[in-house]
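Each chain carries a letter (A, B, C, D, E and F) given by its place in the written order, and its residues are counted from 1.
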Amino acid sequence: MNPIAEYAIALLLLIGGFFTLVGAIGLARLPDFYTRLHGPTKATTVGVGAIVLSSVIYFSSKGQGVGVAEVLITVFLFLTAPVSANILAKAAMHIGVPTTDSTRGNTWDQ
Amino acid sequence: MNHWLTAPILIPLIGGILQAFMGYAPIALRRTLAIATTVLMLVAAIVLLVLADDGSYRLYAFGNWQPPFGIVLVLDRLAALMLVMTAVLALFCHIYAIGGTDESSRQFHGLFLFQLLGLNIAFLTGDLFNLFVAFEVLLIASYGLLMHGEGTSRTVPGLHYVVLNLAGSAVFLIAVGMIYSVTGTLNMADLAVKIPQVAEENLPLVKAGGMMLLVVFGLKAAILPLCFWLPGAYSNATAPVAALFAVMTKVGIYAIIRVFTLIFGSQAGELAGLGMDWLFPLALITLTMGVIGALGAASLRKLVAWQVIISVGTLLAAISFGTVAGTSAALFYLLNTTWVVGGLFLVADLVDGQRGSAQDKIVTAPRIANRTFLSVLFLMGAVAAVGLPPLSGFFAKLLILKSAVTESDVAWLWSVLLIGSFFTLIAYSRAGSIVFWRNVEGHIEEPQKLTPSLSVSASALISLSIVMVILAGPISRYAEDTAAQLHDTSAYTDILSKPMVGEEK
Amino acid sequence: MSLPLVVLLPFLGALAAPLFAQGGRTAIAVISCVPAIIGLAALYPHWAVLADGGIVQHTTEWLPALGLSLSFRLDGLSLLFTLLILIIGLLIILYARYYLKPHENVGKFYALLLCFKGSMLGIVLSSNLLLMVIFWELTSLTSFLLISFWTHKKDARRGARMSLAITGGGGLALLAGILLIGNIVGSYELEDVLAAGDLIKNHSMYPVALTLVLLGAFTKSAQFPFHFWLPHAMQAPTPVSAYLHSATMVKAGIFLMARLYPALAGTEQWFYMVSFTGMATLLIGAYVAMFKHDLKGLLAHSTVSHLGLITLLFGMGTQLAAVAAVFHVINHAIFKASLFMAAGIIDHETGTRDMRRINGLWRYMPHTATLAMVAASSMAGVPLLNGFLSKEMFFAEALELNLPGLWAYLPPLVATLAGIFAVAYSARFIHDVFFNGRPVNLPIFPPHEPPRYMKIPVEILVFACLMVGMFPAFSVGPLLYAAASATLGGDVPEYHLTVIHGFNLPLLMSFVAFFGGLLMYTQRQRFFDFHARFKEIDEKAVFEAIVSRISDTAHTVTAYIENGSLQRYAMLLIVSVIAVSVLPLWDLGIAIGSNGLSPVDWPTLIGIAILVVASLGTAAMHRDRFFALVLLSVVGLLVALGFARFSAPDLAMTQLSVEVVTIVLLMLALYYMPSWTPIETPKGRRIRDILIAGAAGIGMTLITLAMLTQPFTSISEFFLENSKPGGGGTNVVNVILVDFRGFDTLGEITVLGIAALGIYAMLRNVDLPPPPGDGQGHAWTRDAYPMMLQQIARPMLPLALMISAYIFLRGHNMPGGGFIAGLITAVALILQYIASGMSWTQGRISIRYHNVIGLGLLFALIAGAGSFAFGYPFLTSTFDYVYWPVVGKFEVASALVFDLGVYLTVIGATLLALTSVGRLSPHSAINSTNYKEGS
Amino acid sequence: MELAFAVVIGALTASGVYLMLRARTFPVVLGLTMLSYGVNLFLFSSGRLVTGGQPIIGSAETYSDPLPQALVLTAIVIGFAMTAFVVVLSLRSLADNDNDDHVNGRVPEQDRIPQEQEGANT
Amino acid sequence: MLDRLSFPQPYLSLILFAVWQFLSDGVSGASVVMGLVLAWMIPQLTRGFWPDPPFFARPWKLPPYLVLVLYDILVSSVSVARLILSGREPKPILVSYPLELTHPLAISMLASTISLTPGTVSADVSDDRTLLLIHALDAESDDEVINAIRTRYEARLKEMFQ
Amino acid sequence: MITIALYITIAMVVLATVLNVYRLIKGPDAPDRVLALDTLYINAIALIVLLGITLGTRLYLESALLIAVMGFVGTVAMAKYLKRGSVIE
């Protein structure tokens, strides 16, 4: 296997793992629902994107032709994550999930 | 390979699909097509009965895949008997249904035909997992049918029925998994070959799997302590559905006969006669419970529903002997009880229609219209169900009594069955005398009209108990041949070596 | 051939009689006579054979498996009974013609009467014991219907049911007894059984068989303690009582004892059981008869008493006693039938049967009175009448009985005492009815003689009383001889049929009885006063109370066991499964099979830990329903991951898609339900359930562990080898689904389709009030269809269709297939419903989901049936490789059409189910205004 | 690995059974779903556990047993149909019993009062 | 009649065609043919759901915009990661952002962009589509958030759509 | 090298999954749980892709794609349930 590809794969994997973990830490650690909402919508999405990309490179460099189907997963996640976040935020505002004390500004009445 | 074998499956399937398309077609068209389907099915069943009577096993390999790899249908006398029994019952239930019961939902005929589809698959299939699928087909259709009709009374019993059967299906799958995990096969003939060869260390798994199958079949058959879903469900179903359901417990019984003579029968080595020592006492307790239920029944439908449980106990007691005599007696009884109980459900419904708010409750009410006709039907049904002469029930009971051989079997079976008959007789005479004879002043506002489709179907089913007496000779001969064929399992396993299409020379 | 005909004719008559109902009573009566007349004519030619002790036999095979044949036998005994049944039957028919009122259901009456007669003839003529049992039970049934003929009378219904219960129940015992005898002898044919007397009596089961048979006989013949049904059977119209109480029903038990006498009698058991029962019945019947104010009640109890007498005679076991028994059968039939008819006439003419009101009828109906007095005298045993003769024989036999010690005095004492009572009640019948002052308050007054023809039957019978009483040898001698000889199996003892045997001890007993009886009657008031101290028991009421009690108890027991609780039923099911698996699993222990455990990797372990936590958590947190739902989703997701982890990509995809649809459906339902499950009250119930669940879980763990570690081989090698060459696909799972086991899949999609149709049907016309807000009390948001969701949902549909197409097309060779593709399409459509609502989405779908389901099933069916054209079985698939320019080589498989059917069915079923639920929502009817096209 | 897998099936079964024995329709439905997950996994594993042996010809050296996979696929679909039916049936039961979701139609009399107190708490 | 044969949604068809090539792991004869068939058939099947093509005034502005967003995602992911890992309490703020865009698709794109770029999540759109509620994870003031979005994203989207 | 990176990545993703489950159980509110579930779905995608790389097969990619689709629909449905009650109306 091409060493550059190997480096790229390893790097992308680690980046992916890192962001996935960071997203999860954020989800676990951040103080209220609205702050926690940030973790998955981007860090995790980015993390998965990187892992998927490493998969693309991995299988392409194995010499079985270029496989790019994985990219669709990332595209799909990028398209849907904001919508999920949006509708979850609306749900939280509807229920009246409290914001952490340090939050300025107000949620909207649903 | 004889394509007739698929007829009992393809006919209701096509009929059912047509009904799914025709939800909004005029009811007359739907009825005509539906009845035509059922009639065709009966014709096919009779053809198969004639075919099967030569005593051979006919094989139909779907996809032309050799068993044990593909799914096969196997036609033998037992399968043919069950098919005809079902088709006859179904035809009359269907005729009854077009008397008006089918109007409350557009899906009725579709569900009805799919129900028959499931039943027929169950009787014909030679594959254990496919039997599961067949069960599911007939169950899901039965769920739909059970919920058919106006009113709210059937919802809760229906829910119980569905939930218990779902749990039962789960157990079925577990059992299939256990048996497959040891034998590596699903074909019943192949299982019959493989089970005797199971290694010592694997026996517990197969044994537990087999016993779980017995529980599942017992649940369908409504054997104690798994029978309590039945009275509520059956007595709340609309009449043609309840009548058709007379055959539902028989599927469980069929499965017990098939699986526990073929796979766990006498040739099964260590596992021969698995569970049969449990079955006999349970059957007798079931019978007793049925009698108690019948004695305490507050309505005709409940009474008949408990009669179903009585017959299940009776049947399984005979089957548990594992002998040709026992099985053949059970088969004769099976025909009798299925048709008669079906007929009694219809009669109960007709009575209900004549009694206004008293419905079919065993209480005093104004004198009913059409009393002579209905009371004669009820009387005949009761006589056949209790097993009094001169109707077929007596001969069936006699065969069952005679099938007991050992002294303790004789003592237990005879005393429970005969004392049970005595109390059943009391239950029926009490119910009939109150419902038909004990009248109060007044009259019923609008009694249901006894249209030909209602009265003909009910009386036809009941009258089968006379036909069975007239044909008792040939029928008992057929039952005996069937039992003999069943207990000669080596002939069944020969289907594994039958050539496929394109192979036979 | 004549024997079956004799039995069959009454049944044919029963079918014919109602047809003549238009012609009135006379027409029916005439028609009803025909069977008996033809029967008598048919029997006549056989007399010569029978008189010599010969037998006429007719046998037709019927059900050899049961040992049941249509065999009939005419010998002296059966001839005697046949004649009684036919002749008295004829008289009854004639009598009933006048007895019944024109408005009554005469057709039914005669039909039932003829059925009953046929059944009786069947009993006495059957030569196969099983056949006899059949007729035996038929008499129970027909007599039940006859007794309850006046169904509007409570007493008639109760009396009928009681008699059915007693005699029908006895019939069941008889059946068991006969079956036992059959087992012993190896045949049910009478000649075999009668010839095997010693075999039977020496068999270990003899006492059981004897008891059972006698139970049958005693119940039918109203022996103590089963005697009580008989008096209540008089609720029947009098012709019926006359028939039942004299010649037929009650004589069936007697006949049975006579019939089986050679096979069963002559043992100690027989002696004690039969004679003591007879003695008790004799006394009790006679005693009670004395105190009945009801004319028919008196006669009924007298019948009981006389039946006891006959039974006692049979029980004595001597040949002479048997002869006497047979003789008394004849005599009793004659005088009792006439007495009942007379009583019926009195009832008919006065409107009552109460002897306290009926007095001095001699003045009004002397002719009837004369007849009744003669018959009653015969009943009392007055010389020159037939009753006297057999009673003398009875007294003689009672003296002959060799019982040890003081017991030897018992039979003569009982006999004499019973004789005294008999005279007393007979005297009462005569004096209290025809003399004793003037009538009191008769409903019909003044009474007068009945129609001429109504008296003819009585006259004939009374004439017979006289004839037999004065010229016994001439009148009944040959018949009695033939009957006795048949009963005893050939050798008949010396006996003399003369009117007076000289002055002997029996005659003295008769004198004692006669004068004692008269004395008792004159002192009757004392006896009545004495008797009045005991409370009269109405057996019907007792019976009714017992039946109600049984029924109530049964109801309570049933309601207790079948208590309508799903929890109990489910618990029973689960416990049953556990119970039947415990023993095998006990053998198994904690078995790790010979394959041993494979190494673990910790990511999988953590996944498994999460799965376990989530599943147990669902159970633990189930009260918060939404939380439980989320946890269930976690379980579902991890199960899918598990499938992927262990090499099942198809399963992983299926599980994932099914999972989300299930969750959506559950939420659709949860909307209408409380969002919290209340705590269940009984804590013990929860602990019990935890134990059961724990046992089930541990059991499954052990089973799985044992299973996974055992080596095994399966038929799957075949699938792996033939998938590509035989099925044309490399995805073996898919090839199994659409080809090797395509029939399963056909069933599976059928289930799916039916479920959806059933769901649709079930929810029609259902009205569920939607909750105004969620469980916390928040009102629902205004915004039903968020804009961003709508924006993303639109492109999702074509994209998902694209992915579906991809998954579908590659399914035969790669993970995927029609089912998963169908679910993706369905989910994409569901997203449209979620994002834009029912009416918006429905408005853009032009096909009904019912039809999609139908179409799907049809595709699958057509794909399967295509092979018929080539002579191959249903569902035989075919495939080929095609080369097209640009496209290149590609595969065309018929299985793809089948899979298309799967695809369509899945879409149709899923959406029909979900939209059926969605339609419940009140918003679904309102057109969505939130979203405007192109704005 | 087999032991861990067996524990999963045990846990799913136990939870499913426990939920199935509850008195309200919703947990019962959850229990049935859970039970069917367990059963599906069990049936699947009757072909034994194989890593990386997906039964796609040409994709591996040894294949896992494809037959149980096909059976489970059928079982999942059927299970889905059944679950859908029972979910809707529980809705129908709710409608027919005045919004009571007790599995026996109505809350039994002896359970009623504490249940209402319970409702006030939640 | 003719529209039954046409590509009712050219952009969609294009995207679908591309997606098919992705799914088929690259371009081949078969994938092109099949892709064309599907790119034609699927929009035909779903035309009821999407009768009019989305209106882009300057569609060529889209690719550079996407690149910009992707770049922002990558760069600012790091800052969010740093915040999460630092253990510092964030200073969240809820901002009502006055929209200048009007087209629903445009608003959605903006909202999505905001959500994807770290630090901000668009939580809601007002019923009249004039306000966007934005939750910023760690920001000093309303204006900071509003200005960043206004200049960097909304302006470009306006160019694209209006 | 890839192997080591793979192991580390898997470890990180698994750890992330555990943290998500923690949030899912802890809540405290229903939206938190749904959010955690949504994240769990995305983690599952990562796990499947990593599994594919480990096994050297691309046969599981469609599963990953499907998780993305189904996870989204599931989240949307749950969120809609929470705010609107009626998922399909």
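As a working rule, contacts are C-beta pairs under 8 Å (C-beta built on N, C-alpha and C of every residue); 3 or more make two chains touch, one makes a residue touch a chain.
Treat the numbers as computed from the prediction; the structure is a model and nothing was measured.
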| item | value |
| --- | --- |
| Pair with more cross-chain C-beta pairs in contact, given B-C and C-E | B-C |
| Whole-Å gap separating chain A and chain B, where each centre is the average of the chain's CA atoms | 57 |
| Cα-centroid distance, chain B relative to chain D, in whole angstrom | 28 |
| Chain A and chain C, separation of their C-alpha mean positions in angstrom | 70 |
| Distance from chain E to chain D - Cα centre to Cα centre, in angstrom | 39 |
| Chain E residues counted as touching two or more neighbouring chains | 19, 23-24, 111-112, 125 |
| Residue numbers of chain B (touch at least two other chains) | 129, 133, 136, 140, 143-144, 147, 156, 159-160, 163, 167, 174, 177-178, 180-181, 186 |
| Touching two or more other chains - residues of chain D | 20, 25, 28, 40, 42, 45-47, 51-52, 54, 56, 59-60, 67, 71, 74, 78-79, 81-83, 85, 89-90, 92, 103-104 |
| Complete list of chain pairs which touch one another | A-C, A-E, A-F, B-C, B-D, C-D, C-E, C-F, D-F |
| Parts of chain F lying in touch with chain C, wherever the complex brings them together | 10-11, 14, 17-18, 21, 24-25, 27, 30, 33-34, 37, 40-41, 44, 47-48, 51, 59-60, 62-63, 65-67, 69-71, 73-74, 76-78, 80-89 |
| Chain D residues within the chain C interface of the complex | 1-15, 17-31, 33-34, 37-38, 40-42, 44-60, 63-67, 69-74, 76-85, 87-92, 94-95, 99, 101, 103-104, 110-111, 114-115, 118-119, 122 |
| Of all residues in chain C, those that touch chain E in their complex | 782-783, 786-788, 790-792, 794-795, 797-799, 801-803, 805-806, 809, 832, 841, 843-846, 886-888, 890, 933-935 |
| Complex contact set, residues of chain E against chain A | 19, 22-26, 73-74, 77, 80-81, 84-85, 87, 89-96, 111-119, 121-126, 133, 135, 137, 142 |
| Residue ranges of chain F in contact with chain D within the complex | 55-57, 59 |
